[in-house]
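Which chain is which? They are A, B, C, D and E, in the order written, and residues in each are numbered from 1.
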Amino acid sequence: MSAPTATSLVTFDWVALAPVAVPALGAVLVLVVDVLAPRLVRLHAAVGVLALVAGIALAVPGALRSADDPLRTLCLPAPDGACLYEAGPLASALQLGALASALLVLLLSWPGADPRDHLRGGPAVIVSLVLAATAGAAGVAAAHDLGSWLVCLELATLPAIALVALRGDAPAGRGALALLTTSLVSFAMVVLGAALWLLSTGEAVFAAGGVQDALADPERRVVLLLGALLLLAGLGFKLSLVPFHVWTPQAYAGATEPVAAFLAATSKVAALAALLVVVQPLVGAGTPVLVGIGILAAVSMTVGNVLALVQDDPVRLLAWSTVAQAGWVVLPLSALDDDSAAASGGYLLAYVVATLVAFTVVHVVTATPRRRGVVDQGRTLAAYTGLLRAHPLLGGALGLALLSLAGLPPGVIGLVAKVVALRPVVGAGQWLLVAVAVLNAVIGVAVYLRWFAVLLRDPDEGPARAVIRRIPRSALAALVLGGTALVATSLMPQLLLGLLG
Amino acid sequence: MSGTATRLVVLVPVVAALLGLLVARRADVRAARLLAVGAAVLAVLFALAEVVGVHGSSGARTVSSIPALAAGELRIPLQLQATTATATIALVVAVVGWAVQVFAGWYLKDDDRYGIFAATVSLFTAAMLLVVQSADLVLTLVGWEVMGWCSYLLIGHWSRKETARRAALKAFLVTRLADVGFVLGVVILAAGAGSTAYRRVVQSWAGTGCNDAGACTGPSTTLLNAAMVLLVIGILGKSGMVPFHDWLPDAMEGPTPASALIHAATMVAAGTFVLAQLFDVLAAADGARWLLALSTAVTMVYAAVLAFGQSDLKRLLAYSTLSQVALMLSALAVAPADDGPGAGVLHLYSHAFFKALLFLAIGWLSVTVGGTAAATMRGGVRGHLFIRPAMFVGLLSLAGVPPLVGFVSKEHVLDAAEAGIGAGEARAWLVLLAGLLTVALTAAYCMRAWIVLDDLGSADIERHDADTATVGVRTAVTVLTVLTVVGGLVVVTPLLDLGGHIGWLVALLSILLIVGAGLAVRSVAAGKDPAVRVVGARMPSFDAGLGVDRLYVALVARPVLALAHLVVFLDREVVDAYVRGAAAATRFGGTGGQRAHRGEVAASGLAWVVAGVVAVALAGVALW
Amino acid sequence: MIHLTGPYLLAAVLAGLGTYGVLARRNAVLVLIGVELVLNAANLLLVSVGASGGDRWAAGNVLTLFVITIAAAEVVVALAVVLAVFRLRGAVDLSEPASEPVSEPVIGEADEVRS
Amino acid sequence: MTALDVAFAAVGLVTAASGLLAVTTRHVVHAALWLVVCLGAVAGCYLVLGAEFVALVQLLVYVGAIVVLVLFALMLTRAPIGANPDISTGRLHRVLAGVLGAGVTALLAAALLPLAGPAVERRDTSTTQLAEQLFGTWVWPFEVLSVLLLVALVAAMAVSRMTRPSVAAEPAVTGEDGVA
Amino acid sequence: MVILVSLVVPAAVAVWLLTGGRGVSHRTANLLASAASVVTLAGVLFAVITRPTVDRAWVPSLGLRWQLAVDGISAPLLLLTAILGVGVVLHTLDRPPQGGTTAAFHACLLLVEFGALATFYARDAVLFFVAFELVLVPMWVLITRFGDPHDAAARADAGGRFVLYTAFGSTLMLVGILALVAKAGTSDLDVLAQGGGHGIPVGTQTLVAALLVAGLAVKVPVFPVHTWLPPAHTTAPTAGSVLLAAVLLKMGTYGLVRLPLASLPEGFAHVAPVLAVLGAVGILWGGLACLVERDLKRLVAYSSVAHMGFVVLGLSSGTRTGLQAALFANVAHGVVSALLFVVVGGLKERWGSADLETARAALREVTPRLGFALVVGLAASLGLPGLAGFWGEFLSVYAAWSPAADRPEGLFRALAVVGALGTVLAAAYALRVLRTVWAGERTAPRIEDSRDSEWDVIAVLVLAVLLLGIAPGPLLALTDDTVSTIIGAAP
């Protein structure tokens, strides 16, 4: 990149920046390859996968560092000393989550994997969009200043809108429009919030020092809190927190399953990562922010669960489940102590693994060609009748994913995640919130077991027995990857939680 | 030696019961009979050995049974004891048990469930032996409850009969209800003593409460009275005293050997022995003694009256049991603390013999004549070589004619009451008067029974010739007859520790009463059943126990069932309604929310976003 | 010398107007206009921070540039989506409820034909 | 009141008025044109606040590019020329929107105005300084921004090249050939 | 190590049955499951004798450890679980399950066993919770898939109720555990028990104890959160009912002992009176409901509510006797209810329904073995001495009469009376059942008597009932040390 000029020289550590830079370069590279060899669609996907794998490999070192000694780069010279890029174990773990989930999404949308491939612009566009958005997600996790935070956040959002629209039918259009308008408004709110942040702290970095100064001054304190709340609200959209959630079911249902999976996984990682960057310096900011988060968490999980309970379309069910799980994700943040950020991240990663597996299975089941004369029920729960016996691998993976989401063993990872998420809240003694969480844990069990019960049925009871003859190899790979991750983390939750330091 | 015997006396019938259960499945009656009778003989022998063994040593001896229980603060040593009194009563129980087993082996020889019956009887005997020999309240409770359960099985033995099923149910439930008192009494006593051993309980409750240091901490009299009242309630229930009495006559639905067992030496009399063990405590509990005196006084007269009017001779015997057991217990209610419970125990001893004799005789007779109704049995004993003398002796003893064993023990009871009057206890008057009245009434119904059995109708020699009774049965009846005649001699042995002696004045009075009542009945009879003459059309009501059963149903069963229905209703409509309500509310919220989101209007999403932002911001700023 | 009251007030007014615009419009493109107003309000704040010297590294101005660029990128994508939707539905009315059943099996029918 | 204040008040008034018209007018195209005025006036505000370069970019990018795009979009979506009540939501909705908008203004004003304080010395940021910072301190977001722009372009092209669903179903039938 | 064997074997076999061995025949699956459960039983036996411990890190970032051990409180329950684990598998031998594959059925049985064993082994509060949750899904599958084949809606309802209700309870418990761990700074149950809540303010202790009690009460179940139990029992297959009654309910009481009682004695002292009252209400409530209940399985379920009331009453008294009583009654109820459910389940299979109002052949006449087993079960259920039920209930009443010094004596004494009255209700409903089902003169329609594996299971259970009743000493002695430690730790 360009050489910095003398006065405001920043250090550059390419290795540290690699988890962001590699996918971004990958996106460009895919476009280049597309120009050179437009017919080699599998090559496009392969380049994308390679970029993500490389990104994952390069993100690992950051995750293994201790929390006191994060990866820092883009640091200003001595007197200022602030760094624009700071990736501790938590941020690196979130980067890993974003990259890995994007990898699964790419596998799912592998060219030819979906016989209904309606995506316009060809695989290259999709791959590059996914890569770019992933780069944004990885970037926002480590962004330490308003500039890169805003840019990366938008980089993570904008391609997703296009991805939804790319399916190219009316529901997709509606979903994309909903996502678009909501995201635009939310982005405006975020920018407004960022402006207020800068105004009150006088700092363009998310650092505790400036925040403390601002908090000490009653007048600036209001502005800062208002800014923080606006940022929170803007990110609430991305996390699908109620009341910023309305786009979620529309966009999920409109998009193809891989894109929905992307929205449910990578996009959420980006959102939480962005939120954590904002929230961490606010430790000690006092109640308003915390109460705000708490209210959002409680309302989200309740609304999400209750509505998920009555859905018949698995994608919509997963959409509402996302809303509910988003509530759980931010729940620990309402008790802002040292553990809550890690708790939140841990819960998110557990959710991401489980939900990706669920989406993978939904994708396979929905995309399966039907026999002649068989009514298509791909997007109803009835299509999953007896899946566990008819197709053990799919059924087993989906079952495990659902149980993980419900937080019941054998989906131990989901259970452990609930423990992790509840711990800070209980520790802080926020009993009202705890009560809501307890109720929602129960409703959540009902939500997922309702689906799981369908899997358990006799396959012959189904109105139209789904014949899944052959799972595309890429989807199988995604399934195996996701399933293995789920099983492994269920057996050894430390694999996942350990990432967070 | 006596320790081993003590254990074996209990253990042998238990083992016999368990083996009996296994044998019962095979259709082989002989094996079951051999086992039951053999075990009974063994038990008698061991009991005999125990009596001999105990006689040599002095004082109470405790014998460990199974290891003591570690139940936290409470100590449950689970020991047995071997004293002369316990050994003697155990011997009596064993003998009666043996006689019943022998008799049952013949009486039920064609019954397809004889094996079970014999095993149950063995278990029953074991339980009674346990109660008798127990040195521990919990062991007593064990025996006590097991007896109750066995009585349920025995009474309901002929479970194909609805009446038998109902009688069994009633017997168990009534006694069980009363047992609440027994259990609580035991609990309170044990809680006070920190141990369930009789010795410790008596020490801590009856003692002056002064320890070595001289600090006197007497036990709370309220608690003491409460405990003993509760205990007495349990005993009243088991013994069929008013107001729990109605189960006992109904229990005649069981086979006669079972009746003999329940009525003679075991269940109904067990309370007497338990109270005798706790006599020192009881003596300090005035309230309990009053309760006991009242209930027994009422029962002895009431049951004697009802006995006279029964149309069924077996039920007559049942009511006589009530009356006699009331007499036993009344001795404990009034005997002065110094005299001890000897009179009651003595009556228990004697009643066991003659009542067993009477039941076996009447059972034997019923087989030959085909029923126990007075009308069927008319003249039934005439000409029978065994039953006639046995019946004669039994009824005389029941009536308390000297020098039979019944006379001896009854006089001791009356004497205890007299002594109680001497000690200035008002309830002793009550008991004495009721006792004397009972003496007359007893003589009357005995006379009636004899008139029915011997004077009326004609002997059917052929039926007697067809008598299939085995040698064993004849032996058993003979042995019991002999014991009834000579059993009174026990007062001159040291076997039973008697505090009092026969008061000659009262004895004379009672003899006069007996003779008078007997003659009166005889004169009324004039060739007909005196009861028909006296009671006449009211006999069905006498048979029905004056309708107490309906009272039970109305006062206890119906309200409880109504409550149960209420509980089920509440369970379904209130307790569970919350659960269903929560589920319904959630689902309702779901559909409502779904409807709200159905339009999928992008603009409303935006509206939500903006409204949310403003709300969050306002909330944040306002809360700040 | 300048009072900052003016910029702050104007920013507040613009944000309010933008909010109103977002909510009061049915046409997707016009909603976009509302969003632009809010963005400009934010930019105004950022620039005024720069003008008052309350920041380091010229953050106010630089961020404004960033936001303008991002807005441009957004508008590009937004207009593409709007056009696509217009072509699919013939209108870009945000208040229009979903006319077809929510989970219509559009794809399945096509597959059925093919198989 | 300094001279700068007066200048700011002038452009500010224009900004606010044109902004108001942009969100209330019933002419679709007028709305876009009022936006042009408003954004231009904002550029004037930037000038008053001493940020020449930003003002320039505002004019260039916003007024020059964005608004033109908006106008194009309006035309392509066959927006009606002339007054059209259908472009706004119902009355009640608008009242609510007004309340919320006023709420936002009030909230922001209430929070910000206490911070305004006395007049401050305007600090101009020279374009050189800005450039130095932009390519020094802010080089990383700047580069990411370039990726964002690229991706946005690609995405926009892909999305806008889509055909109608009935036609779109065809490539799927033939398999993998339906690439861009 | 032997602990791990007894955990890994059932889990591994279950997983294999669910994955690799899906298609195996009933006999093979049963053989395999039998082998696994027997090995498990051997492992548990060995563990109970040698008392090994396992302590390995599992999730260090949560401080969660595989901390497993055996002590006097868990040993009886471990044995009970392992024995019944063998029992239910054996019982399935002649009854190929309906509603799903046989492999899945056996796997569910083994998983429930695994979860229960892990719960009783666990010495870490959070691990305890995780293990506690393990049994939910397999049990739910047993109810909803393999339950009463006549009524799918009832199955779904019962299963849903079971899983949601208990999930609610366990989440509450989790909150309690987290609060406890946060306050006490450790999740090691032994350390918690030694600490005895020192240094935690009484108010907090009470709150946390209340949370724990509320959560665990669902599982026990204590009135008024018992309404999941009757439907679950009614619809579950026999093996499921047995596990539910004999193992799952025990996890609740075990948790009550381990968590609030041992770790927060002061707080528990404040909650105990309420708990005791609820327990006593449960005794009456269950007993009364049984008096008019028409469905035999529901009746046994309600009787469970009553029996667990005694356990709770004993626990609440705060004395060593009370705790001993509770632990004994716990095990006794496990054996007795298992026996009853095997018998009643067998009857329901033969009759096609368990409605008491339908006239049927008297068991005493046509199926003496089943009749005998029913008599023994009900006699034990009404607390007949010499059978398992007596000791626990008697000691419970005793403990309620003489509670610990910090309990309201008058209240507890009243509850002792209530408990004693409850035994009469037990007698009443037991005899009601015997009168309608066991005794009678009808001999038609004939049903087949118990034999083969069913009879073996029944025989073993009857023997256990007798053994516990006649010789309660070993069991009481087994728990004695630990009980003294726990109550002794109280200030």
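In this text, a residue touches a chain if its C-beta (ideal position, glycine included) is under 8 Å from a C-beta of that chain, and two chains touch if they have at least 3 such contacts.
Source: prediction; values computed, not measured.
Listed here as common contacts of chain A and chain B: C, D, E.
In summary, the chains found to touch both chain B and chain D are A, C. The greatest centre-to-centre distance from chain B, using averaged C-alpha positions, is reached by D. The most central chain, judged by C-alpha centres against the centre of all protein C-alpha atoms, is E. Highest inter-chain contact count (C-beta pairs) belongs to C-D. Put simply, the C-alpha centre of chain D and that of chain E have 67 angstrom between them. Chain A and chain C have Cα centroids separated by 23 Å. Centre-to-centre separation between chain A and chain E, using Cα means, comes to 42 Å. In this assembly, the C-alpha centroid of chain B lies 35 Å from the C-alpha centroid of chain E.
In chain D, the residues that touch at least two other chains are 89, 93, 96-97, 100, 103-104, 107-108, 111-112, 115, 133, 137-138, 141, 145, 148, 152, 155-157, 159, 162, 165, 169, 172.
In chain A, the residues touching two or more other chains are 8, 76, 115-116, 118, 147, 150-151, 154, 158, 161-162, 165, 168-170, 174, 177, 181, 185, 189, 196, 199, 222, 226, 446.
The multi-chain contact residues of chain C, meaning those touching 2 or more other chains, are 11, 15, 18-19, 22-23, 26, 28, 31-32, 41, 43, 45, 48, 57, 59-60, 62, 66, 70, 73-74, 77, 80-82, 84, 88, 92, 94-95, 98, 102, 106, 110. This structure has the following touching chain pairs: A-B, A-C, A-D, A-E, B-C, B-D, B-E, C-D. Within the complex, the chain D residues that touch chain A are 107-108, 111-112, 114-115, 131-133, 135-141, 143-145, 147-148, 150-152, 154-159, 161-163, 165, 168-169, 171-172, 175-176, 178-180. Residues of chain A touching chain E in their complex: 342, 346, 389, 392, 396, 403, 408-410, 412, 415-416, 418-420, 422-423, 426-427, 429, 434, 437-439, 441-442, 445-446, 449, 453, 456, 458, 492-494, 497-498, 500-501. Those residues of chain B that touch chain D in the complex are listed here as 603, 607, 610-611, 613-614, 617-618, 621.
Interface residues of chain C, counted against chain B in their complex, comprise 19, 22-23, 26, 28, 31, 94-98, 102.
Remark: chain D residues 89, 93, 96-97, 100, 103-104, 107, 111 touch chain B in the complex.
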